[in-house]
Each structure stands twice: as C-alpha cells, then as structure tokens.
Amino acid sequence: MKMKSALRAATAMSLLATGVSADGHATELTIAIVNNGHMINMQTVAEAYTEETGVALTWVSLEEGVLREQVTSDTATGGGQYDVINIGMQEAPIWGEAGWIEALEFGDDYDVDDMLPAIRNGLSANGTLYAAPFYGESSMVMYRKDLADAAGVAIADNDSWDNVAAAAAAMHDPENDVYGVCLRGKPGWGDNMAFVTTVVNSFGGAWFDADGRPQLDSDEWAAAINFYVELLGTYGPPGSEGNSFNEILALYNEGKCGMWIDATIAASFLEVDGVAYAQSPNAGNPVGANWLWAWAMAVPAGSPNAEAANDFIEWATSKAYVEAVGNHPEFGWGSVPTGTRTSTYAIPEFQAAAAFADAELAAIESAAPEATDLKPYVGVQFAAIPEFPEVGSAVAQEIAAALSGAKTVEEALADGQAAADAIMKEAGYYE
Amino acid sequence: MANRTIPRLLQTPAVVLLLFWMLIPLGMTLFFSFIRYVLNNLRNPHWTSPSIENWRGFGNYQFVWGQDSFWLAMKNSLVIVTSILFLTVILGVLIAVLINRSFKGRGIVRVLLISPFFVMPAVNGVLWINMILDPVLGLQGIAVGAINDLQNAPLVGWFFSLWPTLEPISFRATQTSSIAVIMMVVWQWTPFAILIFMTSLQSEDQQQKEAAVLDGASTWSQFRFLTLPHLGRPIAIVVMIQAIFHLSLYAEIEIVSRGNGNKNLPYYIGELVNNNIGAASAAGIFAVILANIVAIFLLRMVGKTLME
Amino acid sequence: MAIVATQSKLGKIVWPVLAWTVALLFFFPIFWMILTSFKTDADAVKPEFLFRFTPTLENYTNMTDNYDYWRFATNSIITSVSATLFTLFVAVPCAYAMAFNPSRGTKDILMWMLSTKMLPAAAVLYPMIFLTKSLGIYDTKFLIVMVLSLINLPIAIWMLFTYFKDIPKDIIEAGQMDGLTTWGEVKEILVPLAWGGIASTALLIFIFCWNEAYWTVRLTTTEAATLSKLIEGNRAPEGLFFGRLSAVSTAAVGPIIVLGWFSQKQLVQGLTFGAVK
C-alpha cells in the first residue's frame, strides 16, 4: 500500500514536470460520496468490482454540505466532473425533472420491484427512477430499557408525545450525567429540521399550502415548536443546539442519553447494552410521525461514462452487493446497507445480526412521502422543491435560536415565516 | 523616458494578472446581479440559464436589501472583525513585551507561541468546537464535570458545596457562536501579531530605555511612553492585514454553527449560492462595496506611513 | 534602590513563569490534538483516559490506507511550492520597480492590489466555475497554482516592497554607475541584500497557500485535491471520531508547523511590512 502510494506520488510529480496527462486504458469512474460508514465500506467492497470488470474507481468523499454544494455546482454548470454522485431524496425527483441526472435502466436480475415502495417513489419523478437507493432510513425511538425499567416507564409504538415527555422526565438524571432525551438541535434543513418537521407533521402542520405559501404562522407549528423546545430544553443535554446525528451518537454511546429519536440507521451503531426500539410518537395525525430518507446514487447528465456509471450503480445497489458486504471478512451482516430492499430483511443472517431490523422495516413502510391534502408536496421531513433547502436552513436557524433561548418560540416562528415567505415570493410561487 | 519603461515593464505582469483576476469574475458577478439566475426552479425553468433575457434590474439588490439576515450578516461581519482586531492587538502587544527579555527557554517559548498561526482554519474550527469547547464531550464539559464532582469529594467537599454547581456553556448557541469564532481566530492570529511586534521591539532604542530606567521611570511609564508609541506603525500593519483576512472568514463560521448567530457576509453569500445565484451576486457586490469602504479607511491609516 | 533590586529579583522569576504559562496555554490545543490522535475514537471522549491511555497508531494507518493521505499531501506540496515560486517570480520585479522607481501612481496601484484581497470568494464562485470549466482547467494543478498565486500576490508585493524600500538607493546607483543592467542590479545587488525579506515572504506565502481552503476545495475533484479537501471529507463523518479527526488534522498541519519552527527566526526578521525603522 505504502509502496503504491509512493509510486503514485512519484508519477504525479513526473507527470507535472513533463505536462503529460494520464491516459487510462480502462474506464475510470469518479464517484462523489458523502462520508458515512456505509459509503466508506463500499470503497473496500468495490475492490472486487474493479477486479472483475476492470473499471477503475476514484472516490471523492466529502462532508454532506460540501458534497451538496460541489455536486450542485458541477451539475448546474454542465457536469463532467463526476460519473456517479450521492444524492438524497430531497434532490432526486427535482434533479430528475430538471434533467440534471439520467434515468436509470437496470436489467431483470436487478429486481426493481424488490425495492421498498416508499423509497422507490421518493427517488422517482413522474414514474421514472432517477436515483438508486444505497441505503434508506426512517426515524424511530431508541431508548435505554434498563433506565426506563428502573424509572418504571415504558414507551409504546406510536406513543403519545405526552407519554414520551413523561418518560424523558422519569429517566432524566443530570446529576449522574444522564439526560432524559437527546434530540437534534443543530441548525440545518437535514439536521434539526428533519426531526422538527416530523413533530410538526404529527401535530397536523405542514411546510406549505397548495400555493406554496409557508405555514409557519399556523397554530400547529406553534404547538409543535413549543413542545419541542420545552422537551429538549428541559430534559436535553447542555448544548443541544449544536447536536445532530454525530454528536448525539457519541453522547448515546457514552451512556448520557435516556432516549433518542433519530434515524433508524443509528441502531446499527449503538454500543450501549439494553437498547429498545419503538415507532415514532404521534399526536394522532395521518401524515405520520417518522421521516423517510435515502442516500441514493445517480448519474449526472454530462458524465462521459454514463453507461459504465449506470452499471456500477446497478451493482452497488443490487442484492448481490448486500451479500458481498454480509460475507466480507472485514464487515459482516451487521454492516449491510439496509432500508432499500424487501429481500434484505428476509435474510436470516441479517435478522440474526440486526435486532432493529423489524422496527426499521415497519418505520420505513409506514412513512408516507406522497402529497396529500394535508401536506400538498412530496416528502415527509422536507418538501421536494428546489427552494426547500433555502427555506429549511433559514427556519432551522430560527428554531435553534428558540431552543437556546435567544428568541421566544413566537418570535422565532414569526421571523421564520417572514424569511420563508420572502424566499417563496422571490422564487415566483405567488406575488 | 527609457528610464520609466523598464519599471513599468516589470510591474506589468503583476498588474495584468490581478486585473484579469478582478475584472473577469467580478464582471460576470456584476452581470449575474442584474439578471434572474437560479440553479433550479421548476415553475420558471427559463431562469436557470444566465441570459440577458432574464434582466431584472435592481430586483436582486432589493431582495437582498430587504432580508433581515443580510443586515445581521453585515453587523456580524463588522463585530467579528473588530473584536478580533481589538483582542489580537492587545494580547499581541502584551505577550510581545513579555517575551522581549532574555530568560531561560525563550527560543522554545517563541516556537510554542507562534505555532497556532500555522494551523489550517478548518482544523482550527474542528479542534476548538469539538474537542475543547463541547459542553459534554469536550474538555470544557470534562472540566466542568470534574469541578462539580469536587462537591462530593471527601474532606474538601463541604468547601465546594458552598459554590453553585457550574453549568457548561454551549458555544454553538445563537448567543455564543460568534464568541467561539472570535476565540479561535484570536488564538490563531495573536501569534501573527506577536511576530510583528516582536520584530519591532527588537529595534527599540535601548539607550533611550536605559536612560529612562536611570531617570527612575517605572516599568509602566516605560511601556506607556516609549514602547507603545514605538509600536504604532506595527499595530497599523497588523490591523490592516488581519482586516483583509477576516473580512472573508468562512470555514470557522460554518463549522461552529452553520451561521446560526455568527453568520457573516461571506457565509450569507455562500447560503444564497446554493440556489439563487442572482441574489448571491447582488450580495457579493454589496460585500465588495463594504470591503472597499473598509479598505479606504484602513489605507488612510496605513498608507501615509507606507511611502515614507 | 533597594526596592528596584527586589523588583528585578522578583521579575527574574515572575516574568519567565508568566511567559512560559502563556506559551503553554497557546500551544495546548495543538498538543491536545496530537495527543488525541493517538487515542482510539472511543477513548477520546472518555474523561478517564484524559492523559493515561494506551496509545495507538490505528488512526494514522486508517488515514493512509483508506483516505489516500499521500495523494492529497503530494498535491499540497506541489501546488504550494509552485504557487510560492510563481508568486515570487511575478512579485519581485514588480516590488523592485515600485521601490526604486516610484511614480505618483505607485501608492495607488499598491493599494488597489491590496483591495483585491478583500473580495469575498463566494461572490465569484460561479463565474470561476464557468470560466475554468470552459477553459478546461477545472481540477488541474495549474489552476490551483494560479489561484493561490493570485490571491497571495498582493501581500507578497507589499511585503517585498516595504523590504526593498529600506535598501539604500545609493548602492543601486553605484551599481548603475558601474554599468550594471537592470537584471544585473537585481541579481548582483538586490537579491543578496534583500535575501532575508524574500525568504520570509516566501515562507509566509507558502503557509497561506498550504492553508487555503475555499478555492482548493471548490475548484478541485480528484486531480488537484489538496489536504484542505481531505479535512473537508473528514470533518463530519457518521459518528464523532475525535481520534481519526485529530490524526488527519495533525497530518495536515504537522508539516507546516515543523517548517514554521525551523524558520521562525527567518520569519521574524522579514515580517516587518515596513513597520520597523
């Protein structure tokens, strides 16, 4: 390995000196990935793919926000830098419709119908699949059974928010560094707003009405945000306004959280004993209380190797890939990417390795991203419109300000509404 | 005449390069700022190509001007830069004077002191906000926890119980995030100020100083009436160079709190750039204007001494 | 008199102790980062392993095996060195002309150059992407070298100008009497005399190039990606990996810190910006 990189360094130097560019004989794919565990593992598993097909793979792994920025700027200016890109469920349908990414075509072996319907719908636009899910997730409650038992509380599937708050209060023991509940607070449409939106949904609120007018001034938003700020402000760890998935995972694994409501994928990283799962709490609303997300792979328009890229995605999201990870000496069945295919959940080795499998499948299947009267846009914890990231981050900062007490909930929502309104007007939704 | 040609020729490459660097991208930004240009818009797909047909006049400027976050960013830009300048200059002068005498291990002290200046901004941000300032997992959290635990300690516990339990501070909160940014940038740039002041102090007139000591001048009055005036010019230089760098602060803002509470102008523009290029360009032009105002102000201050 | 004596005796102890304390405080974050880089990710957040822990190299091997550290490091070295050399190549003649043959416009040109440094990079991001893509130089080392040179050129010219300005004109004039050409003046007189200033300018520019993180992240994909980009890829992975993060950070800033240590005397001498008379 060391030898190889030294050699590469030497070649790079000599190339620069002579000005000759590398001329690869085989196809080379440049793949932009978000720096998550599953994606990093893929780099190792894919060594077999290169061996088999001769297709060389170059990986560019980036932090989520930077990845979005880079992939967007490249694709919007005609592409050409990447052959395969990691995109999320928020972008996939929009980019597909805008013609930024290619429709995917897979062979019969791929068994497209095996894909979980909610995930597949979320990654399609007008019935065409534009991005193939690498892993999918919903959200659920993870809590410390030992602490809950000791406190004499229990959390049921789709429990009421009141019960959840009561359980958090019962487990809260800051003297001994245990906080009742850990929730996302770090501003970002994919961070705090992912969770906050599920709360708003469960209270019957929505981001926009059918005209695209923001609804943050509604009673549902006020009730939901007041509840969120109260719950996390009282029973959360200090500094919650800086916590997102990464930070809370570290806190939870340090035994500092009684309960955590977050991505189902978190369950596969938990190292604390006695974890129990429950479906997300609800206040009785049909939109549901859990989110739906997938990191998917797509081929940007303008990729010079579109065909090879399509083939690679077919391999990386296939049943065979799941098996390859499961049987890989470095990884095993606990590390397979989940949330994409029904067949994965039927594999006995996977069931044995993943205690959270049933809860995760149930959560994903119950998520409803379709547009309804109540929520007239596609997406659960986001709206699949190009303006959402802008609206989402602006509101996210207001909610974080409310959480840290810099603003009251009312002020934060009013400011959020004003910012969202300006952005939607600017985008031409209404005058 | 020939006398003038060669110097002009020598300056040409630098001037031409910088002209290109400034005019071409800036010209495009100026153009974008007057048209509707977004990366993606499903209702108005024609806005997605930068074309003169989407002319918008001052619409982008009006949009930016009317946004609360723009004014917040303006304010933060100035507050953050001014605080950093203030703190680095004070700390820089004090520390430079402190180490401007011979003592054991002075070389090592210097090396330790200037090290932060070499750290990458992104590393600086990650290091401080996660490992040092995090209220639970960072050193701050650990230290606060340890101090609070002393209340239960045998023998001395009663003493610590007299004090209120400490609450760790969250530096990612809206109220505190710009403090975190200021703290980490001051840590990184005070060494730069120390370097410059140290150089300057070495040229201080020692005879004058000795005379002052013989006259019975106190350490304070030596500092006040000899050292400080001597440092006037280097302070101007430090202020100028740092202002140039900190007006474009970006990585630290992003890492600490994604602009929550500490959003400055570059970060505000960065947020717009994710979709609304027209508005981002208008904000960029505002930033250029602000930069020029600051520049004129600073150059007045430094420019005079420059040509002497 | 007696009072003065005790003061200085006290001073002999108090000042050095104070100086050492401040220095250690300033260095502590870096020390902490290096220390953490030898801990496993799990140990890094545990108070009980604050100072006593079993050191591991796992984070470093992970970095070289899975994150291709050497490719990024090579790119950083190539681009920073080339950009520093190119900057000097353009800046030295310019500063020389400004210092020895100043005209009325010199000061304004200098000020204008410095003001280009205040442009917010984000404002010209898309123009830059369009331009570089249409020229076919996006993600090339050439582009990164050019960009790094351009953003540092004003500082370099200013530093060199202030340094050259303090060189007595008579020496140059004497050279001219002896029939030296302009090139001869630069080579025979200026460079030997201003060597300290040139060297410290080079050092400072090199540091700025190495640490640049806006353009090097946004105008590259693979070919020209530098260590800044490696940091961007590692700063928020799933799970908060303090150990891994520290190792990558240490490996990214380590070379430049060591360089800084060795050259700090040089740096101190040249960093005057005309402030020292």
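Should a chain be cited, it is by its letter among A, B and C, assigned in written order, with residues numbered from 1 in that chain.
Going forward, a residue touches a chain if its C-beta (ideal position, glycine included) is under 8 Å from a C-beta of that chain, and two chains touch if they have at least 3 such contacts.
Since the model is a prediction, treat every value here as computed from it, not as a measurement.
Asker: Looking only at C-beta pairs that count as contacts, which pair of chains has more of them, B-C or A-B?
Answerer: Top pair by contacting C-beta pairs is B-C.
Asker: Please indicate which chain is farthest from chain A, where distance is taken between mean Cα coordinates of the chains.
Answerer: Greatest centre separation from chain A goes to chain C.
Asker: When the C-alpha atoms of chain A and chain C are each averaged to a single point, how far apart are the two points in Å?
Answerer: 37
Asker: How big is the gap, in whole Å, between where the Cα atoms of chain B centre and where those of chain C centre?
Answerer: Their C-alpha centroids are separated by 16 Å.
Asker: How big is the gap, in whole Å, between where the Cα atoms of chain A centre and where those of chain B centre?
Answerer: 34
Asker: Which positions in chain C are in touch with at least two other chains?
Answerer: As it turns out, chain C has residues touching two or more other chains at 45, 125-126, 130, 232, 235, 240.
Asker: In chain B, which residues are in touch with two or more of the other chains?
Answerer: 137, 145, 273
Asker: Which residue numbers or ranges of chain A touch two or more of the other chains?
Answerer: Residues 69, 247, 250, 254 of chain A each touch two or more of the other chains.
Asker: Chain B touches which residues of chain C in the complex?
Answerer: Contacts found on chain C: 12, 15-16, 18-20, 22-24, 26-27, 29-30, 32-33, 36, 44-45, 47, 50, 90-91, 93-94, 96-98, 100-103, 106-107, 109-111, 113-128, 130-131, 149-150, 153-155, 157, 162, 182, 207, 210-211, 213-214, 227-228, 231-232, 235, 240, 242, 245-246, 249, 252-253, 256-257, 259-261, 264, 267-269, 271-277.
Asker: Write out the stretch or stretches of chain A touching chain C in their complex.
Answerer: So the residues of chain A in touch with chain C come to 1-2, 5-6, 8-9, 12-13, 16, 30, 32, 35-37, 40, 43-44, 58, 60-64, 66, 69-70, 73-74, 77-78, 80-82, 245-247, 249-250, 253-254, 269, 271.
Asker: How about chain A: which of its residues touch chain B in the complex?
Answerer: 65, 68-69, 72, 76, 94-95, 97-98, 100, 177, 186-188, 237-242, 247, 250-251, 254, 256, 385-387, 389-390, 393-394, 396-397, 400-401, 404-407, 415, 418-419, 422, 426-429
Asker: Residues of chain C touching chain A in their complex?
Answerer: Touch list, chain C to chain A: 42, 45-46, 64-71, 74-75, 78, 125-126, 129-130, 133, 138-139, 141, 217-218, 221-222, 225, 229, 232-240.
Asker: Give every residue of chain B touching chain A within the complex, in rising order.
Answerer: Contact set of chain B toward chain A: 38-45, 47-48, 63, 66-69, 129, 134-137, 141, 145, 167-168, 170-175, 254, 257-261, 263, 271-276, 279.
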